[in-house]
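Just dropping this structure here.
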C-alpha cells in the first residue's frame, strides 16, 4: 500500500465562493492491501485481497478507513483469473492514465464511465428484493433485504512484453434490477523497454446501455530520459455517459540528476458541455528513494484551475 | 482464513420465477482471521481475534468486507476461557455439521436456532436506552444511544481425545430489554481415530425462551477410507424456534486415488411446516493440496433443489 | 495493540434503578494497530497507522470492530510531523493521565474537552454541503454529500529527556460550518528517571470557542519503589465546556515482590455542577509478565461509586 498527503487547491465557482468554501485543503490517503495466498501441489497459485483505505475529505472514505469487497484469484503459467471485485480490462490497460501528474497522480482528462477495482464498498448494486428471498412461500418483511449481487470475472494473460485482458461485470447477478453488463477487452505491448502500445474496448461501460468506449495509445522513449505519448479515447456513443472524443499528448523528462521528473499533458475533448475543449497541466516529481515529492498545476475543460503539492511513500 | 468461489443454483419458487430472479449466481467468500497473542511468564497464553469477512451476495457482508466483534481468550493446561464474541458450546461440538457437502460445506439439515461465533456485526442486541446513560441527572438526547451489550463467556477443556465445553450468552447485559440467556454444554470424544461420539445441549438457544435443543451423534470409520455417521437432534420444544426432531444418516468414501472424496446424507425431520420430511444430498471433493474442488446436489424439506460447484483454498 | 476484559460496576442513579439497568457488566476491549513504514535514502522515515478497535458495550464500537481514520507521519532527527488523525499536543503530555488506576486505566478526574487521536470514526465533522460540490454549475442532489473534512497537524520534538509538542486541529477544512480550530502546546521533561515535569496549554479545545485549558504537573520518585505526583488543571474559562479547576494528588507504591503496584489519587474540582468537590480512588495491579491483573474502587464528583476488576495483555 501507500500513504500520501499534501495540499490541493481547487478554484471555486461563484456559488462556492459565495458560500465561503475554502479552495485549499489538506488531502491525504492511506491504503493498505491485505493479501493472502497459497499454492497447490500442481503449481497453481490461489490468492485473495482486501484493501483498507482512508481518503481524507472523501464523502465515502473520509470518516474512517473502509474495507472494500474482496477479490479472489487463481494464477498458473501466466494466466490469472479473478472473481469478485476484479481489476477490469479497460481500467487496467497501460498508458490510459499515462498523463497523470505529481504526487497525487491526477489529471483532468475526461475518460467516461466504466467499472474498475473498487477501493470502496460496492455501490449501486443494491436490490430491494420484493420476491420470496427466504423461500418460505410468503413475501413479507424478511424478504425486503438489500442484496448486493455485484460480480466480476476477469482474465489476464501475460507473456514477454504482452498483456491481454478480458473482463465481464454483472452489477446485479440476481437479474431483478439491472439488465446491462459490462464487457471489456484490452491488450498492451512493450517493445525493448522503449515503445509502449495499448488498446482497449469496453461495451456498456459501467453497465450503462450503449456506453461503448474505445481507447488506443502509444508512448515512445525518444531519449534515455524522455518519453512522449499520444492517446485517443472515443466515448462518443450517444449513451447517458457520452463524454465525446479525447486526444491527449503527454510526456515526461528526467533531469540530469536522475531524480527530478518533469511531466506535462494537453488534452483536447470535443464534448458539448465543455467551457473549453483543451485541458492541460504540468507537474514534477522528485525521487527521495522510497518516497517522492510532487506538485502539479492544471486547468480543466471547465476552465477552472487546480494545483497540488505533496509527498507520497510506498510500503 | 480462506477464500472460496463458484456457482450456486437455487430452484426458484413460482413467485421468484415470476419476478425473474436468476437461479444461478456466483457466490464467493473471503475470510481473514487477525490473531494476536502473548504469553505470561507463568505459561498462560492470552490471545484475541478479529475476523474480516466478505460474502458475495450476502445482505450484511456482500457490499464490503466486515469486521466482526472481538474475541479474547486465555489458555492454560488444556483449559481455554473465552470472552466476548465466543465460540459457543453447542455450535462447536464435533459431528453437528458432519453432513455438510462440497466446497461450500453446506447442507439442508434443520438444526434450530442458537448462538455461534459471529462473523458479522453483533445483531439484535441494540437497546434504545431511555435511562440516564451519561449519569448527568437528566434523561435527554445524549441518553438515547444505541447500546450493544452482547456478551459471551465460554470454557473448553481438552485432554487426549476428549473435549468438554460450556458457554453462556447474555445478549443484553444491561438488562433493559432481553431477559433470556443461552446456556449450552457439549462434549465429544474420539477413540483411536476411528470412533467419534458427540453430545450437546442448549437451553434457551438464541436467547429464545424454552428453545431447548438436544443433540447426540456418532461416526465410525468402517474402513480406512469410509465413514458412516448418525446424528439425532431434538428441537421439539414448543418454543418460537421449534423445528422438530431430525435424524441424519451420513457418510463419506475416499476413492483409491486418495484425493477424491464422495459424501452423502439423508435427513428426516418431523416438523409440520415441511413439504416433505426427507432432505438428502450427495457431494464430492477433489483435493488439490492446499485447495480443493467440490460440488454438491441437494434437495431440502421444501422440495426445492440446490446445487453448487466451486473451489476453496486455505491460507 | 492490546486486549483487556473484566467486570465494571457503576452505581445506578435512582432513574436507572427504576428502569432496571444492571450495575455490573462485562466490558472488554480489543485493539490492533496496523502500522506500515518506509525509509528514504536520506534517512527520513515515513509511516502510517490504522487502528482496529472493538469496545464491548460501546455505542460506537460495541457492535463490531471499527477502523479509525488514518494517521501519516514523517520522522527525522528527533522531529516527527503527523497529518490526519493525529496525537494532539495536550492529550499526549506526560502525567496528564498519571492518576489512572487498575487494569482499565481509568479514573474520575475531570479534564475538560479537547481533541485526541481518535480510535473511532471521525465524529462531528460532517458538513451538509449546499454548494456546488461537483462543480457542474448546478446545486442539486449530487452536491448534498456529507463531507468529512477533519484535519490535524502535529509536530513532536524529542531530545534526551525533553519532549515538546505542538498541534493544530481544524475540524472543518471546508470552512462551511465550524469556524474554530484547536491549537495546543505541551512540553515534558524527565530528570534522572526520578523527577517528571509537564506543562500543556490548549486554545479553543475541541474547537469550542474560548475553551482554553492549562495544565501543569510534577511527579517525584521519593523512593526506588514509590512515586508521588501533583497535577493542576485550569479549565475555568467560561466556555460551553468549562469544568472548573482540578488539583490531583496521586501516587503509587510497588510492594517488595516487585510485581504488585498499589495506586491511589484524590482530586479536588471546584465546578458548580459537582455533588461533591472531591473524587478519589484506589487501585492495584499485579504484573504477570506480558499481562497484568488489576482492580480499582473509585468515587466521582457525582458521589457515585464505580469499581472494576480485570486482566489486560499487550501484544
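Chains here go by letter, A, B and C, matching the order in which they are written, and residues are numbered from 1 within each.
In the analysis below, a residue touches a chain if its C-beta (ideal position, glycine included) is under 8 Å from a C-beta of that chain, and two chains touch if they have at least 3 such contacts.
None of these values were measured; they are calculated from a predicted model.
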{"item": "Shared chain contacts [subunit A and subunit C, defined touch]", "value": "B"}
{"item": "Same-residue or different-residue interface between subunit B and subunit C, half as cut-off", "value": "different"}
{"item": "Rounded Å distance, subunit B centre to subunit C centre (Cα mean)", "value": "39"}
{"item": "Multi-partner residues of subunit A (each touching 2 or more other chains)", "value": "66-67"}
{"item": "Subunit A-touching residues of subunit C, taken from the complex the two chains share", "value": "34, 36-42, 44, 46-48, 50, 66-72, 74, 83-84, 120-122, 125-126, 129-132, 135, 137, 139, 145-151, 153, 173-176"}
{"item": "List of subunit B residues in touch with subunit A within their complex", "value": "1, 3-5, 10, 13, 15-16, 18-22, 25-26, 28-30, 32, 52, 54, 56-59, 62-67, 288-291, 302, 304, 311, 313-315"}
